[in-house]
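In what follows, chain A forms one complex with chain B and a second complex with chain C.
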Partner chain A sequence: MVPRPEIAHWLTGAVCLLLGLVLFSEAVVGSAVFRRRTWRAYLWPSIALAGGVFLWVIVVFSTFSPMHLLAHAVWAQAAMVVGAVQLAVVRGKLASPLWSLVTAGALLASGVAFLVHEQNPWLFSRSAFLHHAIGWVVVAAAVFPLGHALRPERVVWRAGFALTFVVVAVLLFADRDFAPIFGRLSDAAVR
Partner chain B sequence: MRRPLLAGAALATALVLPASASAHATLVAASPATQSRVDRVPDAVRLHFNEPVTATEGAIQVLARDGTVVSGPSVVAVDGRVVTAPVRGLRDGASYTVRWRVTGNDGHSPSGVFTFGVGVAAPPPTEATGARGTTWRDDVARWALFGALALLIGPLTMRLVVLRGGIPPALERRFHLVTTVAAFAVVDVGIVAFLVRAANALQLPFGDLLYGDLQPFAEKTRFGVAFLVMTVGFALVAALLSLAWVFDRTDLRRAALGLSIVLAAGLPLSGHQATEPNATVASELADWVHLVAACVWVGGLVTLALLVWPSAPTVRRAAFLGFSRLAVWLVAAMVLAGGYLALVRLPELSDLWSTDYGRLLLLKLSIASLALGWGGVHHLVVRPRLEAGGAPRVRPSLVGEASVAAAVLLAAAALTNAKPPQVEPVPPAAASSTR
Partner chain C sequence: MSSEIATSNVPRRADEGRGRATRRDARVLVVLLLGPLVMLGGLVWAVAQPYRITFLHREDKGLYDFVVQPPLLVILVGIFFALVLAPGLVDDLESEEDGPAA
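The block that comes next holds the complex of A and B.
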């Protein structure tokens, strides 16, 4: 039987993959082509907002420890705020590219939450390795929306932002809460 | 060039290959079950975990109500997933507290507490032996929760009921901002309040509390279930309000207000008016009406004083007069529902000064009377002047009334967390509406 947390990880991975592919499509063909149909412009912010609401459902299943409860709450809130702000940007309610800083802050907070909620070192287990990897990837990815806020015309920021979600999706799909990493498992973990 | 590629491929292969899977060490079952009533005196307490754990002899402690330890040394079964502690001297008709702490394969040390009763109902985990009961932290958390609810429901009511027409864009943006932030605040403060309450029962140092098991609180108590439903529900309210702002959709705002009012019922349904022996559907309903009316009143006052007055001179008059009319009904609802609840909780008049609960209620009534008197002056003195076309300087007075109203919420928070005097259960004839 697949444990409940892993089902949640894989569902979240699926949402991240969808988000990443939508964003990457726009980065590849360019916004002018991608947004010829108006609804496409709303696609990724809507996925982020709906994903945030979905994450709250996972939050209430994370009552096995306050640490997990709080970390999931940070991710849920970050996704909702980013989704809402970007919907407003697409709609024209917010105009300045500096609103991308909200996305940068959300990524930073989410990455830190990943790193704080994993208290074991990198090679303790596969789960620990992946939590560290996702945490640092997400923290580092904050540079993409930051760059977009300052130099919105450069495609590299959009492409990097999109690929971040593809990478996070792969890492989430690979997550096992307790399994060896590179054939090795900490002595503490096999007591 | 080939080496990084190979390293990347190796990393991808190592991550993608299937591996044995299990979850973070969590308690999946217990015997006796958490918060259960058993008919026979058990000879041991057994905890089943989802993965192998290590445990010391003191991993399971079973405590009688007087704090006596009635359990022996804990042992881990062969597969490592079951920890057992023998118990002795348990009595029929008594309840017991189980405190446990193990170390999971991931190195974390989850711990938890639950209760069970032998021939009697198990008390909630918040009343476990060693639990501290509510503290000032609970009062502050509950106050913040009331405040966030008021800042959500009050401004929404003001915009949808009192100021139904067009308003200046700047004020509209403030309404959107305040209500959306308040919806998130309800969720966040709710989480803090839940953790504070669980921490009182778990009695763990902060580092260990981070891995304390919250499941008995979340799934086996009324306030836990209310917390879960309200968390998801108010997150949905935040999403609705965000969409209402982005797409200028009043219907989504109405849905958010309606959902918020319904979800506010989570507090009365998990409070004294639902759990005391003489609780009835009527007492739960009265508590809900009392809470919603108070939230609209306090939130509306704050909206009038801090949102409408400074940023929209053109709608001040309409807002004040409209809210003044609404406030009459709100005060009536608060007084009637509150009066009924006071009669239910304090059957003797002397309870008012002879019990802590009664004295707190007197304090709340005193502050509420001040606020209502202040509101009466606004209604009887300021409103006629505004109706006559005057422009009285009223904002400082509105801020003052709103501040006193916020103090009423603090007293209400302390009252909600206080233990009311013992009352007799509702007789069987009225049991159809009793829980």
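The block that comes next holds the complex of A and C.
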């Protein structure tokens, strides 16, 4: 009854798309307006924490490969740490914009986990290509929370961070367990 | 204070007010467009790749294939944003014009 990896990736893509829309709309209207309704303020930390719990469930089912298990554990932990910090920010317990550095670190660790746990080259299969692409996108996206920590008044950091999730969603939706990339599929690829 | 000096700030304030209203209208438009644009994206995807809609290609498909159909998920996310998030955001943006504490 365990779903195929591509099914889990598509579901994660839908959550990333929703998160991207939530964060982008906050960038557009401004945090003051966005957080005027309490439930809206808690949306992003809640999704991050729930995503962490979901990823820990995936860790439990990733016993077929220690690399996959470790990578999913890194993503789960990163999501939960970011969710917890953002929860404290929304509650007013943490006020300094420097707390965005935690998000930057989490993105960097998550991106590296993508790149390290994909053992095959870019054009091995679609899945391998997407792991490399998502890894580099996430590593590069660490610049947005870093920028927010240093220059919090600039909207570009929030918008860039939000659109990162939209890009990751598109990449996750393109994932297939067994499919070619640009017409190429390695003979070593197995279903 | 002469009446000329006293009224010289009025046009500038009116311009500032119009500028604020324009910025607010643009933000309202973006928020209102986000959901429909995402829905449209999902619809275009469903038309371009109908084989990703399990309802249309039922052979050898399991429960998860019926629950998770990527183009439909995209449309659902757009509907959720348009119906649950966007209306409240627009209300709050418009009430911001009446005053931050409104």
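As a working rule, the second predicted complex is superposed on the first by the 183 of 191 C-alpha atoms of A that agree within 3 Å, B and C clash if a C-alpha of one lies under 4 Å from a C-alpha of the other, contacts with A are read in each partner's own complex, and residues count from 1 in each chain.
Definition applied: contacts are C-beta pairs under 8 Å (C-beta built on N, C-alpha and C of every residue); 3 or more make two chains touch, one makes a residue touch a chain.
Note that the coordinates shown come from a computational prediction; the quantities given were computed from them, not determined experimentally.
**Q** Using the superposition on chain A described above, determine whether A:W56 touches chain B (first), chain C (second), both, or neither.
**A** In the superposed model, A:W56 contacts chain B only, not chain C.
**Q** For A:R37, select first, second, both or neither according to whether it touches chain B, chain C, the two together, or no partner.
**A** The answer is second: A:R37 touches chain C but not chain B.
**Q** I'd like to know which partner A:R4 touches here: chain B for first, chain C for second, both or neither.
**A** Both chain B and chain C are touched by A:R4.
**Q** Touch test for A:S25: chain B only (first), chain C only (second), both, or neither?
**A** Only chain C; A:S25 stays clear of chain B.
**Q** Report for A:G13: first if it touches chain B alone, second if chain C alone, otherwise both or neither.
**A** second
**Q** Which chain makes contact with more of the residues of chain A, chain B or else chain C?
**A** B
**Q** Taking the superposition as given, does A:L87 touch the first partner, chain B, the second, chain C, both, or neither?
**A** The answer is first: A:L87 touches chain B but not chain C.
**Q** State whether A:S96 touches chain B only (first), chain C only (second), both chains, or neither.
**A** A:S96 contacts neither chain B nor chain C.
**Q** Considering only the contact definition stated at the top, list the common interface residues of chain A for chain B and chain C.
**A** Shared contact residues on chain A: 3-4, 173.
**Q** Spell out the part of chain C that touches chain A in their complex, as residue ranges.
**A** 27, 30-31, 34-35, 38, 64-65, 68, 70, 73-74, 76-77, 80-81, 85-86, 88-89, 92-93, 96, 100
**Q** Any idea which chain A residues touch chain C in the complex?
**A** 3-4, 7, 10-11, 13-14, 17-18, 21-22, 24-25, 28-29, 32-34, 36-37, 40, 173
**Q** List the residues on chain B that touch chain A in their complex, please.
**A** Interface residues on the chain B side: 12, 14-16, 19-24, 26, 50-51, 54, 103, 105-108, 110, 180, 184, 187-188, 191, 195, 198, 209-215, 217-219, 224, 228, 231-232, 235-236, 238-239, 242-243, 245-247.
**Q** What residues on chain A touch chain B, complex-wise?
**A** Counting only chain A, the residues touching chain B are 2-6, 49-50, 52-53, 56-57, 59-60, 63-70, 73, 76-77, 80, 83-84, 87-88, 91, 93, 119-120, 124-128, 130, 170-171, 173-174, 176-183, 186, 188-191.
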